[in-house]
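First the structure, then my questions, so here it is.
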C-alpha cells in the first residue's frame, strides 16, 4: 500500500522487473495507453496496441523482454499482464472492510457466524446456515436455509443463494447472481409439463468468481458443481446437474445445458453454448457463438453451429462467403462441358 | 410424505408400477445412476446412460417396460420420467409454508391479501394490488401498484413485478425475474430516440414457471401474454406485445422480439431467438441457437440462421463442413475439362 | 393531460396532423389495430399490418400522408410513430411522483440529496454519493459510494450501482440492472487465473435507458462509457473498458466484449455480439445473431458469424441452403466429364 508515488526503480524492485530508462521517474497510478499521463505507468500486453504505445503520454510502459519502444522509459517484466495485477494492487489497495452485522439485516439466530463477518442492511440469512470468517453479505442479499459460505467470500449487493447451496472460500458473487434456482426439469405427458421437484443442490468450490446476473441452477438430484478457481462472467447460465471442472473460464452470455460435463481449464467464449449431456474435455476452447452438440475430447478447439474443429470451421466459413463465386464457377464449367458435348456429337454421327 | 424408508414393493404400488426382483428391498431416497447407493432408487430415462445403469450401485432402477438390466431390481413403469416426479415428491415433501406477513415487509394498507399469504422481510407490495390465497412473496421482492397475483403463486426472493401486471394461479417466479419492465420502443427522428410510453401490461396465465433473471416486458399498448402452463427457463427475454401460447417451453437464454406470436406447445431451445412480428405455429420446435426471421407454420421443426427446415439445415451444415473438399472437387473437374478442351483443339484446326 | 376524451379534430390539432373523415369523433385512448374499439385511435406504422388496419374496429387510425383506408377516419401525420409518443402521453400522463425519503431507506448522512428526490423502502445510498434533483431510487435499489446520479434519473426497484459510477441526467435504469460490476479480467499463469483489480469505473451519459437485468462492467483502468441518448434493451452485457457512442441501440441479449469501440448511432440487433477490442463505425447496423470479430468501418451493415456485408451474407446463406442441390449438380458434371473422357479414349488409341 502506498501513499502518493513510487519511483519507477522502486516499482520494478517490488514486482521483480528491470528498468530501461529513467529509474527515478515518479509513478502515481496505472492507466491505459490512451489515457495515461507522465506520472502514470501503462502496459503493452496486446501487440494490437503497439502504435498507441509509441504515442502514449505515459511516464513508463510495462513490456515483455525484447520489446523496444525507443525514447520511452520501460519496466521490463516476463509476464506484464501478471505484473499489472501487482501494480494495480500497489496503487489501489482494496477498500477497507467494515465487520459487523447491520441493524437492518435479518440473520436467523441459528446461523453460525464466523469472525469479522460483514452483513449489510436489508440482507437476509436464513436458518441453519454457516458463514465462514470474514464473509461479506452486502445490502439486500439473501442466503437461504442450510447453506455454507466459506471464509473470505463476498456476496455483493442483491445476490440470492437458494437453500442448501455450498459456496467455497475466497469466492466473489457479483450483484444479481442467483445460485440454486430450480433446474428446468419437466415430465411432459399429454401436453402438460409436470414439474420434476429439483431436490439437488449447487456446490461452488473455492476461488470462484461469478459475474453480474448469472444463474446456476440446482440439480434435480445430486449436485451442480462449479470447480475451484473457475471464473464466470456476467449473464452466464449453468443448468441443473452440470459439472464444471477447475480453472475454467465461462465468458459472458455463455450457457451450459443440463447434465453437461466440462473438464478443467476449459474456455467457453462469449455467447457460446453446450447442449445437454455433452462432455467437453480438459483444456478445450469453445469459440464465441459456438454450439457444442456432441462430445469433444481434451484439447479441442472448436467453433461453429454445430461445433467442429476451429481451423476447419474457419476454412469452411471463408468458402461460405465465396459461395456465390463458387456457384458461378460451377455454372461456367457446365457451359464448357455442354460445348464439349456439342462438339463431340457430330463425331458420333460420323 | 414418508418418514424413513419404503419397500420397493410399497413404492411400486404407490406409483402404479411393478417390481422385477426383490420387492422387499428398502428404499430411502432417489439419486442419479452415478451417485446412488444400495438404499436409493435411480432411473434410466435417457438411453445414453445405459452403461451407467449396468454399473450403478443403486438399490433399484426405474425403467420403461421392456428394459432388461440383468441382476438388478427394477421398478417397471410406463413413464419413468413422470414417475420420477411422484417418487421425488414421496421422499422430498415440499418445505412447510410459514403464512404470515413479516414485520419488515411493507404492504400498502389498500392491498387485498388472501388467506395464509406469506410475505418475507424487506418485501414491498404497493397500493391497489390483490394477492390470492397462499401466495408467497419472499424476501426483497417488489410487487408494484394495481397488480393481481393468483392463488398459490410463489415469488422467490428478489422478484420485481411492475405495476398493472397480472400473474395467474400456481405460478413460480424465480429470483431476479422482472415482469412488466418497459418495452424497448423508441420513435427515432433525426438521430434522437424518443421514448414511446409503454402503457400496456404483462399477463402471465396460470401454472407458468419463469426461471432466474428472466425478463418479460410490458406491451406498448395492450398486453404481453404468457400462456397457461408455459415454462420459461433462466435468462430468457420476452419483449413487448409478444403472445406466447399455452404449454410452451422457452429454454435458457432464448429471446422473443416485439409483437411476435408463438402458438401452443412450441419449444424454443437454448439461445434461440425470434425476430419481431414473426409467428411460429403450434407444436413447432425451434432448435438451439436458431434465429427465426419469418413466419413458420404449425408443426415446424426449424434450425439455423436464418431458420429453415431442420433436416435440410442438418444436410446443408454437413456440406458446409466439407466445402474445402467440394472446392477441391470443382478444381479437379476444371482440370479435366481443360484437358478435354486441349485434346479437342487439334480437331478444330484440322 | 386529459380527463376523459378528445375529439379527433382536437387531437389532430394538438399533434399537428390533419383529419380525413369525421373530426368530431370522440377518442378516449390508444390501442393496437387488433384490440381497438370505436372510441380508441390506433396506428399503422408497419405495412405488414395493412390488412389488420382494413378490418380494425378502431375509431380512427394514424397514418402517413398518402395512405388510403377507404371508409375509415384517419389522422394523417408525417411521422405516425413519433406522433404515437405524443398521443400516448396525452392519454397516459406519467404517474405522479412522490418526493421524499422513505423511513426504511438507508441514506448515508454524507450523501448530497437534490430537490424533490424520491427514495423507496429498503433502498441504500452509500457515503459520498450525489443525487441530482428529482432523482428516484426505488425500493431495494443500492447505490454504492462516491457515485453521481444526474437530475431526473430513475432507478427502478432493485437496481445496483457499484461505487464510483457516474450516471447522467434523465436516465432510466430498469429493475435488475447492474452498473459497475468487476470486469472479467484475469492474468493466467500456470493454470491459475489471478484477478486483475478492476479499478476503473462506469460512466453513463445523459438520456440513456437500460433494460431489465442488463449489466455494464467497470473498466480495469479508465472508463466504460455509454454515450448520451443510447438505449439498451434487457439482458444486454457491456464489458470492461468498452466505449459506446451516442444514440446507439443495443437490442436484447446483445453483448460487447472488453475494450470494443462502438461509434455513434450504431444498432446492435438482438443476440448479436462484438469480440474484444474490435471497433464498429458510426451508423453501422449489426444484424441479429451476428458476431463481429474484426473492425467495421462507418456505415457498415453486417451479418453472420463471422460478420460480413449483409447482402453478401444473405446471398451466401441462400446458397448454403441449396448446398445439397449444388453438390448434386457437381456430381452430374463429373458424370458428364467422365462420359466425354471415355468417348475420347478410343480416338487416342486410333
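Here are a few things to note about the model shown:
The first chain written gets the first letter, and so on, giving A, B and C; residue counts start at 1 in each chain.
Everything below uses one rule, namely that a contact is a pair of C-beta atoms (placed from the backbone, for glycine too) under 8 Å apart; a residue touches a chain by one contact, two chains touch by 3 or more.
Keep in mind that this is a model prediction, so the values were computed, not measured.
Counting the residue numbers used at the interface between chain A and chain C, under half appear in both copies, so the two copies meet with largely different residues.
Rotation angle relating chain B to chain C: 120°, from a CA superposition, given to the nearest 5.
Centroid to centroid, with C-alpha atoms defining each point, chain A and chain C lie 25 Å apart.
Chain A has residues 122, 140, 158, 176, 213, 235, 253, 271, 305, 320, 326, 330, 333, 337, 340, 344 in contact with two or more other chains. Interface residues of chain C facing chain B in the complex, by the touch rule stated above, are 30-32, 34-35, 46, 48, 79, 81-82, 84-85, 88-89, 91-92, 94-95, 104, 120-122, 138-140, 156-158, 172, 174-176, 209, 211-213, 229, 231, 233-235, 247, 249, 251-253, 265, 270-271, 288-289, 304-305, 317, 320-324, 326-327, 330, 333-334, 337, 340-341, 344, 347-348.
Within the complex, the chain B residues that touch chain C are 106, 122, 124, 140, 142, 144, 158, 160, 162-163, 176, 178, 181-182, 184, 186-187, 189, 191-197, 199, 213-215, 217, 220-222, 235, 237, 239, 241, 253, 255, 257, 271, 273, 275, 277, 291, 293, 305-306, 308, 312, 315-316, 319-320, 326, 329-330, 333, 336-337, 340, 343-344.
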